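The next block holds one structure in the form of structure tokens; read it before the comments.
By written order: A, B, C and D. Residues from 1 in each chain.
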Amino acid sequence: MTTSLARRKFLIASAAGTALIGAPAFIRNASAAKDFKIGMFYAIAGPAANLFGPTQKACAELAVEQINARGGILGRRVQLLFANGDAAVADATKSAVRMLLEDKVDFFLGSHNSAVREALVATIKARVPYVYTPIYEGGECSPNTYVIADTPRQQMETVLPWLHKKAGYKSVYLIGNDYVWPQVTNKYAKGIFKKLGVSVLGEEYVPLGAPNKFEEAVTRIKGAGPGLVLITLVGGDNVNFNRTFAGFGLDKNILRVSSLLEENTLLGIGAESSNGLYGCMSYYSSVDTPAHRAFKTAYRKKYGDKAPILGLIGVDTYAGVKFVEAVVTKAKANAAAKVKSAANGITFASATGTMTMRNRHVDKDMYLAECKGTEFQIVETFSNVKSGQTCA
Amino acid sequence: MLLLLLALPLALGEYWAFQLGLFFLYAIAALGVALCWGQAGFLPLGQALFVGLAAYLSGAALIQWGEAWWVFLLLPFAAIAAGALAFLLGLIIFRGRSESGPYFAIITLAIALLAFQVANSWNAVTGGYNGMKAIPGLPGLEGFSDVYYLAAVALACAVALCGWLVQAPLGTLWRAIALNERRVAYFGYDTAMLKAIAFGLSGVLAGIAGALYAPQQGLVTPELVGFALSADLVIWVAVGGRKRVLGPVLGAVLVGILSAELRERTYYWDLIVAAVFVFVVLYAPGGIGALLAPLERLLPGRRKALEPLRAPASKAPRSAVTLAIDGVSAAAGEVRILDRLSLAVARPGIYCLIGPNGAGKTSTFNMLTGELRAQAGEVRLDGDILSKPTPYRLARRGVGRKFQIPSVFGELSIDENLRIAVWSARTSLLDWLRPATRRWDTPVMAALRGRYPFLDDGGRLASALSHGERQVLELSMALITEPRLLLLDEPCAGLSSEETAQVREVIRWARDTLGLSVVIIEHDMALVKQLAEHVFVLHQGRLLAEGDVAAIRSDPRVHEVYVGAAE
Amino acid sequence: MNTWVFDFEDVTGGYGGSVVVRGLTGAVAAGQALCVLGRNGVGKSTLLRLLHGFLPLARGSVRFAGRDLAGLDPARRTALGVSFAPQERIVFDDLTVRENLTLMRPGHPLAALAPYFARFPRLAERLGQHAGTLSGGERKLLSLLRVLAEDRPVALLDEPSEGVQSESVRQMATLIGERKAAGAAFVIVEQNLELVEAVADRYLILDQGRTVQAGDRSTLRRAELVAHLRV
Amino acid sequence: MDPLLVTQALNVLYEVVTLAVIVLGLAIVFGLLGVMNLAHGEFIALGAYVAYVCQSHGLPYLAAVPAAIAACALLALPVERFLIRPLYDRPFDTLLATWGLSLFMRKAIEIGFGGGYKSLKIPVSDSVLVLGTPFPAYRLLLMALCAALIAALLLWYRRSVAGARVKAMVGNRELAQAVGIRTDRLARDTFVVGLCFAGLAGVMVAPLVSVQPYMGLDYVLRSFFVLVVGGLGSPLGLLSGAAAIGGVESAMSALVDRTAGYSTVLLIAIFFLWRRPHGIFGRS
């Protein structure tokens, strides 16, 4: 009875279309008890909100639409509740508390930075399972926490040996922002360089959140003369560095690999400065697989011409929601122990294919992309790359 | 009130208790910002530094000893450490430069930016970018809403503390500094110390917020040290109202919670906040707190006038003063203002300093009090060479000054103005905190009240006084400090002849009762004739002539500089 | 219809709401000088600042060529034809002597000032120097020259002779006399009797913000003035 | 000569000269009028976005110059009238009001142009040999343009009548009124010109940096530091401040790394704000 009532309300709301978007929120609350609620953190307001936010939301909603079309999770309609992940940690914490206590969400999904992740872990305290989606430094093994993200191993283990084989660089220079993700990535990369017999000519970090310029660093790199530069700069620093690098003409002789190079950043770097620049992540919008073609068709169909630009940070929420569906369906509950045993070895859909959860991280396909203008051209696919994480 | 606060979580539920608890903590830090900005008149723009420091300390202590009940005893130390750092920083900065304008704000901002880099890079200690994690809750208070009670009690205590400080003599002195710091220094107060105390207390308040933030959140990240929280605190204080005790609390709780709730739902929220902020700065400097004013008036229990207390004796020396200026030269830019000036005040009495405009009369005073640096020559006070004089040090040695344009503290009441003078050179740190100090009275003060009945109307603001009354008030304040040497710059300018006569009598009375040496810059020759026991005539930065009035009048050189060459 | 080029009536006002001068009335015709006399602190400078719009009038009116100047800021009064030389901060220290003289008359040849420079050769020698490097007396001369160079119908001068050597004061008096002959009117606040006696056509003696004596040249008595100015 | 040394020396020079141009607008507004404009960086951003719009419409790069000046002037006029003029002589409130304005402008730019990075094509993309070492041509051109712009402004300030009037107003506002200068209008015009220079600086650096709504933050604080170290109101101060802040940051970045450069600049700024607020040459 209540179920059919809820369904009818849902149908009415859907029929009313976008004009009534404000109203369903109320109706959803009325049907709160039955829906399967995912509390999702993404960039709603803040510096990253315009970069990633719309994609994060669109991809998650696409996944939810597909799941609900098939009858939801365990017969329950899936509902997304949103909170800002591009916020001060205390703001994220209070949103998590609200979702825990008032909304009583069944699962948490987060696409945000590592500091906010630590805040959510500290707040949720494993009471509800939590899946974290964007690229990060690895090492998250808190109980009842699952990670879809690309890890340093998945990135470095693929791109560095491949480029060494193809381009034969003999030496390398490392530059990154001064915080944990670049440091951990570089530590991992240096292990690989040692095995490859590549010498590290320099390693430097620039302050996070400071107005950085890169003329001096680029000149230093020019003097060191490496065959490859490994870039673990983020955001505007990544843009500035690469524009300066090419401006000084270093792009003609030195290869670059950037660890966090998605579509927005490449647009900022621009076609003039992207020659000889590579990236290695689990998603590029130019990946050509049957699954991705289907994904993109569905995405275009749902959002039309004004669809937010596709990129790794954003699309990974799609896989995140699909993981929730797969694991809860298999476990038949969201209790911690059941989810944990169901999760290990489970395979679920991503935008480009499938991923497999092991040790609460995923084995996934990685793509090596070379920048051609402001587009990524996939030059190699690495299948089922292991995360290198060993969470119990 | 407190009961209402404690009952709130039962009505609103655990989530709101958690949320309110956090913003109560922010409100405590905001109270500190308001103490500095609304009371003492300087704006700290990097206050998060102290919140963050205490949070890291408290977090570390909890991680180390979180199981033990006595960890509660450690938390105050985190707050005190933050306060100590603030006090030291304040003392260093304020000693280096006496004013507290926007540059102080930018210094604190730059320090906070540096601290952010340290917190972000020093992985081993702070946990770096991802923060100091797995901080346990306080023993027995692990629930989401449990810290709420602690925060509510802490906030109530902080509000009470601030309310009390604002009422205490310290609050009066802070407000006086905000209005005219130089004048406060001329009353013999160490203004740098007073401001550093305000900054230190604001650090303690920020520290209390930080110390409780760590167990409430379970995580401390570098952004807690950074600019964003510092900026939010300032916006909350501005919008809430920086001059009222409850203003910052209103700002933090209302604006803070509205922002937290609406930012992610309202696309234009940041635009709205920016516009409201600009509006408040431009048109409503009192903030929301100003709306409370009518309510406050309704509250009963206005304090009755209390019996005055006899103030202790001044700590400044009491013996007669000797002053000798010997060959002093000084310049401003290219223009020579004092040119080998020599004059001496050897025994108590009334000395007049006259001369045409630009002769260097006020400059002589400025040179004595250290505002104009002497390039050559020396000044001896009681036989000791005065090197690097400051208004504060001179006041401590019994030298007072009254300015030409009356510089009483306009936004303070007559009573408060007089008290600042009474406390001069009589108070210790402890007295600044004791309300009883407000009742101090001295025979000189009583005598002046007798002469000038308007001084008894203590509640009036000094800005509401007439020009003549302000002149008298400032002269009274100078006399109440019971100086040995008093420098008066045109004490009768703009007074009616009746008022002039009264001032003349008061100066004579003060000389007789206090054994005072008075040096008066005066243009009114009638007054000079009536008052002066000795006259110095200055011309082009030099002593042209000196002697009694009759000798000066008959001096042809004096005649020439005043009226032009004789035919 | 009167013939005054500049006149004021019942002028009352002061700083920040306090009243320093009360009910002052005076007038000057073209080719005349009105001297305002009195001890320091009686409100002479305040009067000039009220006349030129730096301070608001609490009561009274100021007219130039019959036009009421109420509501006009100092810059507009100057543009209309009333020059003003203040008592303090009298020149632009950061500008050269030449710039001080030509600031509002770009391209105007300095040659027109040649007769003045002839009387004050020291200024002519220092045309390229910053005014801030001049001595006090030289600055006063420069200030006066600036006003004379502006060549406006009315000039308000605040103690032009202060700090100036007596030889130069005599030159000043001659210059002001020449300009009067050419039809300019002056309101001069002054304490130097020599200058007053040389140029004044009318006078006004103030004490404590009020007029105690006023009249024309024929009633000007040195002894009385000295009594009001001195001990 | 060691080619790296040549390049690093040019980098230091480049940093100093571009920093001077970035500060120019604030030097006018803060140095001459005493207005602490915390929205300075947002006007630089506005100039950069105007350049982006011009370029994306296929206009020649120089077209951005008049466009940016027009945009900044149009915005500066109401800002002066309603935000700055009521707050003269209230430095704290000016600081806070312009800070509010900067928050507002940043968000407005984000709403208008989106939060993503905009990349502008570099108008001149070749390299030029300097003492045998290649150096990017646009950077050299920019240095020349910046130097020319600063020199022109200094010459104008020193030699022109308008410059003399501004100097007169700054040095002695009351006397300026007495000689007939409409100081309120002159102050308004000076403010507008200052913000136009900020926009112009935005146009000049836009091809070399990441253009995004938050870019203004990078410039405003350093601009203040330059002015504090150099001292207000003097052209020599502007250059020496830029040399001290930009030169030290660039040199430390070249010798050690960015962290050293950034921290040194903060420490220098703190020292000057604390001990020598009137700058290197100023009297305390």
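Going forward, contacts are C-beta pairs under 8 Å (C-beta built on N, C-alpha and C of every residue); 3 or more make two chains touch, one makes a residue touch a chain.
This structure is a prediction, so every number in the text was calculated from the model and none was measured.
> Could you quickly compare B-C and A-D and let me know which has more C-beta contacts?
Comparing B-C with A-D, the pair joined by more C-beta contacts is A-D.
> Distance-wise, how many Å sit between the C-alpha centres of chain A and chain C, to the nearest whole number?
Each chain reduced to its C-alpha mean, chain A and chain C end up 78 Å apart.
> Per the centroid of Cα atoms for each chain, what is the distance between chain B and chain C, given in Å?
42
> Averaging only over C-alpha atoms, locate the centres of chain B and chain D and give their separation in whole Å.
35
> Which residues belonging to chain D are in contact with no fewer than two other chains?
In chain D, 221, 259, 262 touch at least two other chains.
> For chain C, write out the residues touching at least two other chains, lowest number first.
93
> Identify all positions of chain B at which a residue touches two or more other chains, and write them in rising order.
113, 117, 121, 267, 270
> Would you please name all pairs of chains that touch?
Once each pair is checked, the touching ones are A-B, A-D, B-C, B-D, C-D.
> Residue numbers of chain D touching chain A in their complex, please.
4, 7-8, 11, 14-15, 110, 114-122, 125, 127, 134-136, 138-139, 208-215, 217-219, 221-222, 250, 253-254, 257-259, 261-262
> In the complex, go through chain D and note every residue touching chain C.
So the residues of chain D touching chain C come out as 161, 164-165, 167-168, 170-172, 174-183.
> Contact residues on chain A for chain B in the complex?
44-45, 82-84, 87-91, 93-95, 97-98, 101-102, 114-115, 117-119, 121-123, 178-181, 183, 207-210
> In the complex formed with chain B, which residues of chain D make contact?
36, 82-83, 86-87, 91-93, 95-97, 99-101, 103-104, 107-108, 111, 221, 224, 228, 259, 262-263, 266-267, 269-270, 273-275, 277
> Given the complex with chain B, which residues does chain C contribute to the contact?
14, 18, 20, 39-41, 87, 93, 132-133, 135-136, 159, 161-163, 166, 169, 191-195, 208, 226, 229-231
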